[in-house]
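Consider the two complexes below, in which subunit A is the common component and subunit B and subunit C are the respective partners.
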Partner chain A sequence: MLGLYRFLKYSAILGWSAFVIGPFLWALSTSFKTSEGIVSGATYIPWLQYKPSLEGWGVLFRRGGQGIDIIGPYLASLTVTLSASAISLVLGTLAAYGLSRFRYKAGPIKNADITFFFISQRIMPPIVLAIPFFLMLQAIGLLDSKLGLILVYIALLMPIAVWVMVDFFNNIPIELDETAMLDGCSPVKTFFRVILPNCKPGLVVAGLFCIIFGWNDFFFAFILTFTKTQLLPVAVVSLNSSVTPWWSLSASALVSVAPLVILAFIVEKYLSRGGLAGAIK
Partner chain B sequence: MSLTLENITKVVDGSTHLHRIDLTLQKGSFNIFLGPTLAGKTSLLRLLAGLDQPTTGQILKNGQDLSSIPVWKRNVSMVYQQFINYPHLNIFENIAFPLRRTRMDKAKIDEKVRNAARKLRIEEFLNRSPGELSGGQQQRVALARSFVKGADLLLLDEPLVNLDYKLREQLRDEFSNIFSENKDTIVIYSTTDPLEALLLGGDMMVLNEGRQLQSGPTHDVYRSPCSDEVARVFNDPPMNMIDGVVEGGRIILGQEVVVPQIKHLRDLPEGRHRFGLRANALSLFRADPDDVAIEAKVELGEINGSETFVHIRHNNVSWVVQENGVHDHSLGQRISIYFNPDYLFAFDAKGALAAVPKSGPASSSLDG
Partner chain C sequence: MFASRQKFIFLLPGLLVLVAIIIFPLLFTIRVSFSSWDVMFPGLDWIGAKNYVRLFADTRFWGSLARLGLIAVGTVVIEYLLGFGLALLVWRELKFARFFRVLFLIPMMTTPVIMSVIWRTIFHESLGPLNHIFGLLGLDQIPWLSTAGMAVVSVMIVEIWQWTPFMFLLLLAGLMSLPKEPFQAAAVDGAGPFRTFFMVTFPLMAPISIGTLIIRLIEASKIMETVYVLTSGGPGTATETSSYYIYIRGLRDFQIGYAASLSVTYLVMMIVALTILAKILTKAFILKDKA
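== the complex of A and B ==
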């Protein structure tokens, strides 16, 4: 019985892993192919079935002709995503701490309403926000600029940070704050010396969400930029599959997901630890 | 240093948590706040700590109003009933935390932390993190942290309630040693457990439903509770109460139990009274020819270690008998219980103490 259960369990895990990893491996394999590797039908294993070449990758760093220069959009994407995520995380964490620990009241508006206001930003379909954002950036002259995109992304990412962190702070007993204050910490010191160090897992999760959403956004990057500024998703999409060979498309896809994969490996120990609530009894 | 509470009231969302509390605490004193849950003990401790502000009234330290001084400048320590420690710091740093907020030099901090850890027997855990300790050890860490800074005011909010029975006894025994060294500190210890209050001694205030019922030396309050309410709160099981009438030199309890009006009951005026008997003043056996017998029906028998609590019903009044040893009774069984009238408490129609026994039963170590 146990043997069967084990067999099914590992089969399921293996099947799922193959489903997830398979396309990556295929793309990886394809990115080293040349036209010779394809004409003779589907091939999978380099050296054995086809001769690997860096031809496909070269296209990504070539200017003009068939190629695109991916380095510019890549750096732009990194700058915009990381800046927007960092600012969102800082502001969102502070806002979340306030919402978790202090009572606000402005007429009928209370803490729960403010929290909902943040989260409600994500309820609307992005298309609803596109025109207002366009007009606003136009008004302040930040269309087609990294700064403009950073501002827009902060508006999109901060709700995620607030949402994750409010929940996280709510799980930290308020007695911990009180003990810190009784031990001589002002509220600001309490936050930085006691609460923040105990929030690492929450910060990692919130930060990861921000970076993933920011990095993967195509819609706003497409609508709010034209020529001067180009982010990676827009650049990758501009590769035309009828002109650009498959191997280059594969290479660009791999390059696009690489940062997220690397990041996931770095923060994996925080995510799998899971004992966020168990940290404080 | 002295701390004075003047007419403290706390109202939260329309419900009164504390009602007109007046109290003065002297430095070096050990004070117990005794009351059932929701009596207002924690509310009062939080006001004293400065975590909450009173709705009306003042808290004065040496005659100076404290309301404008924030918590972190008050030199107060507090231990919660939950084990609260800093999860990101090891035990040493947990205990050192309040000292690091001051300008104390490192060697001195080290000495103080090790001293406190030795007293609470957590020396060997100084390099561990709180999550690696058992509940009892975690609470010792919290206690060590609260002692180490030598606060003016040390608040212990049911610190032992979440520990198991053995640990509770052990820590309680150690408390008297630890507290006796804090000559300048006002210690306040809140508990729901009358026995714990008696074991710790000191001074006390009895609270119920946000009202201050009685203050004074713990053992005096136990011996002569000023009202039937205090008598109920300060006895576990609660003091048995029965209405009675004093007339013509005798006392009729309930409808038919007749007790001669002698000794400490002699001066009771005629009329309705309420009489109280501690559970341990009732017995399943006649010990003295003068004992009064009551016929009653067994409702429940609880055997608790070496003692038996027999819940009985007599003329629609439920009583609890506390008897040494294990005694089995079947439900509904009719038994006789006995009490010595010398142990009767009497309260007047308003519930105020009218007559108090000279002594308690021999089994009660306090009054013996």
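== the complex of A and C ==
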């Protein structure tokens, strides 16, 4: 009975693992193919089924007609994601601390309503804001620029930072603040001296979520940039619609998703430590 | 002491930035929805509720909403069941638990549109691996993206691949935060694994289950990118979700005014639907709690 249970358990785990990894292995295999390995039907194993070639990877770093030149979009994506995440994290953390520790009141609006306002922004479908964002950025001359995208992404990411951090602060005992204040610290000083140094786990999780949703956004980058600025997802998807062969498509996809997959391995311990649980209730 | 003026230093910068970036565009969309703004006459005139009257009879829009509802609820329920199952599997003693935990998270780290590009090659009917493997197993070749029914299934498969990890992550975090005592008590009572799950684990997880389901429903209500890459809404309009339909009306046909009225209606419908779903979920889980 116990043996059967363990058999089923490991089968389920291995089955799901195969489903998860499958697309990556397929893309990896495809990225080394030439047309010989594709046109005659699906092949999987290099040397045995097709002759591997580095053409798909070479194209990524080549400029001009045949090249994709992925470095430019890579740097643009990195700049936009990191700037927007950092700003959202700072503003979101400050707001979350305020909402966790102080009482705000404006007419019937109280703390819970303000917190809800922040978090509820996630309900907004991007398409609803796309056209006004377009006209707004056009009006201030930031269409097709990194700065314009950073502004838009702040609105997208700050709710995530507030969501994770409000709960994180709620779980830090308020006595910590009170002791510091009794020692004569102002609220601002208390926050920077006493609270912030204890926030690493929360900040890592909030920052990670911001980076995931920033790096992976396609829609706004697609609508609000054209030629001067091009982010990674837009660059890769535009290959999809042209006649780009599968091998360079696969190589560019793998290069694009690699940074966050590596990041996942680095910060895993923060994610599964249970710190997130409260944020969901 | 806590009622210091300094408290505004914390809240206001973030709040003002968010209000500035979100509220004006939203108000603008509402205003534009009462105009006839299109590619021929760009500008803000006032045509009353004409766009809303037109929308009322737009079966393609209502069809896209119904389809979105089906795809969103369908994928989220499947993601929940799979995510909960996987979380339970790696929760307790397991060899290489840490390795599998990270592995299971990977899809949510990847860019949905980019992985959809890869999925499109996987679903390719003659050159893709999926039909190839089906062939080796002696199964029928499946027209993954070219028939209405299978195209919906394909979109759902990609969504489930992408977002089950998110469900898994939150539910696992929930499981790890549960108190130990109820489980010890159940063990003392001699409850088996199934009884323990239904009498202890599941009820304790109810608030977390509700939370994760709602978060995922919110995100799923915006589905469009996978559709854009995999099927472009097709074949016909078989996989067209509301966001994608509004995108076509607004940014392909440049019927800005009409698209704005669709947007406002879509947003209101989503808020209403999600509020109702949240109520239903809360009731369902609490009823099960008592049973």
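Rule of thumb we're sticking to: the second predicted complex is superposed on the first by the 259 of 281 C-alpha atoms of A that agree within 3 Å, B and C clash if a C-alpha of one lies under 4 Å from a C-alpha of the other, contacts with A are read in each partner's own complex, and residues count from 1 in each chain.
As a working rule, contacts are C-beta pairs under 8 Å (C-beta built on N, C-alpha and C of every residue); 3 or more make two chains touch, one makes a residue touch a chain.
Everything quoted here is computed from the prediction, not taken from an experiment.
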item: Touching partner for A:197 - first (subunit B), second (subunit C), both, neither; value: first
item: First, second, both or neither for A:128, with subunit B first and subunit C second; value: second
item: Touched partner set for A:176, first subunit B, second subunit C, both or neither; value: first
item: First, second, both or neither for A:91, with subunit B first and subunit C second; value: second
item: Comparison of subunit B and subunit C by subunit A residues contacted; value: C
item: Touched partner set for A:219, first subunit B, second subunit C, both or neither; value: second
item: Contacts of A:13 with subunit B and subunit C, given as first, second, both or neither; value: second
item: Partner chain(s) touched by A:140 [first = subunit B, second = subunit C, both, neither]; value: neither
item: Which superposed partner A:184 touches (first subunit B, second subunit C, both, neither); value: first
item: Touched partner set for A:109, first subunit B, second subunit C, both or neither; value: neither
item: Intersection of subunit A interface sets (partners subunit B, subunit C); value: 181, 186, 278, 280-281
item: Interfacial residue positions of subunit C with respect to subunit A in the complex; value: 1-4, 6-11, 13-15, 17-18, 21-22, 24-26, 28-29, 32, 82, 85-86, 89-90, 94, 98, 100-115, 117-122, 126-129, 131-133, 161, 165, 169-170, 172-174, 176-177, 207-208, 211-212, 215, 218-219, 221-222, 224-225, 229, 242-243, 246-247, 250-251, 256, 259-260, 263-264, 266-267, 270-271, 274
item: Residues of subunit B that touch subunit A when the two form their complex; value: 49, 51, 70-74, 76-78, 80, 82-84, 86-88, 97-98, 101-102, 130-131, 135, 138, 145, 149
item: In the complex, subunit A residues that touch subunit C; value: 9, 12-13, 16-17, 19-24, 26-27, 30, 38-39, 41-42, 44, 91-92, 94-95, 97-99, 101-104, 114, 117-118, 121-133, 135-136, 151-152, 154-155, 158-159, 162, 181, 186-188, 191, 212, 215-216, 218-219, 223, 232-233, 236-237, 239-240, 246, 249-250, 253, 256-257, 260-261, 263-265, 268, 271-278, 280-281
item: Subunit B partner contacts - residues on subunit A that touch it in the complex; value: 173, 175-176, 178-186, 189, 194, 197-198, 278-281
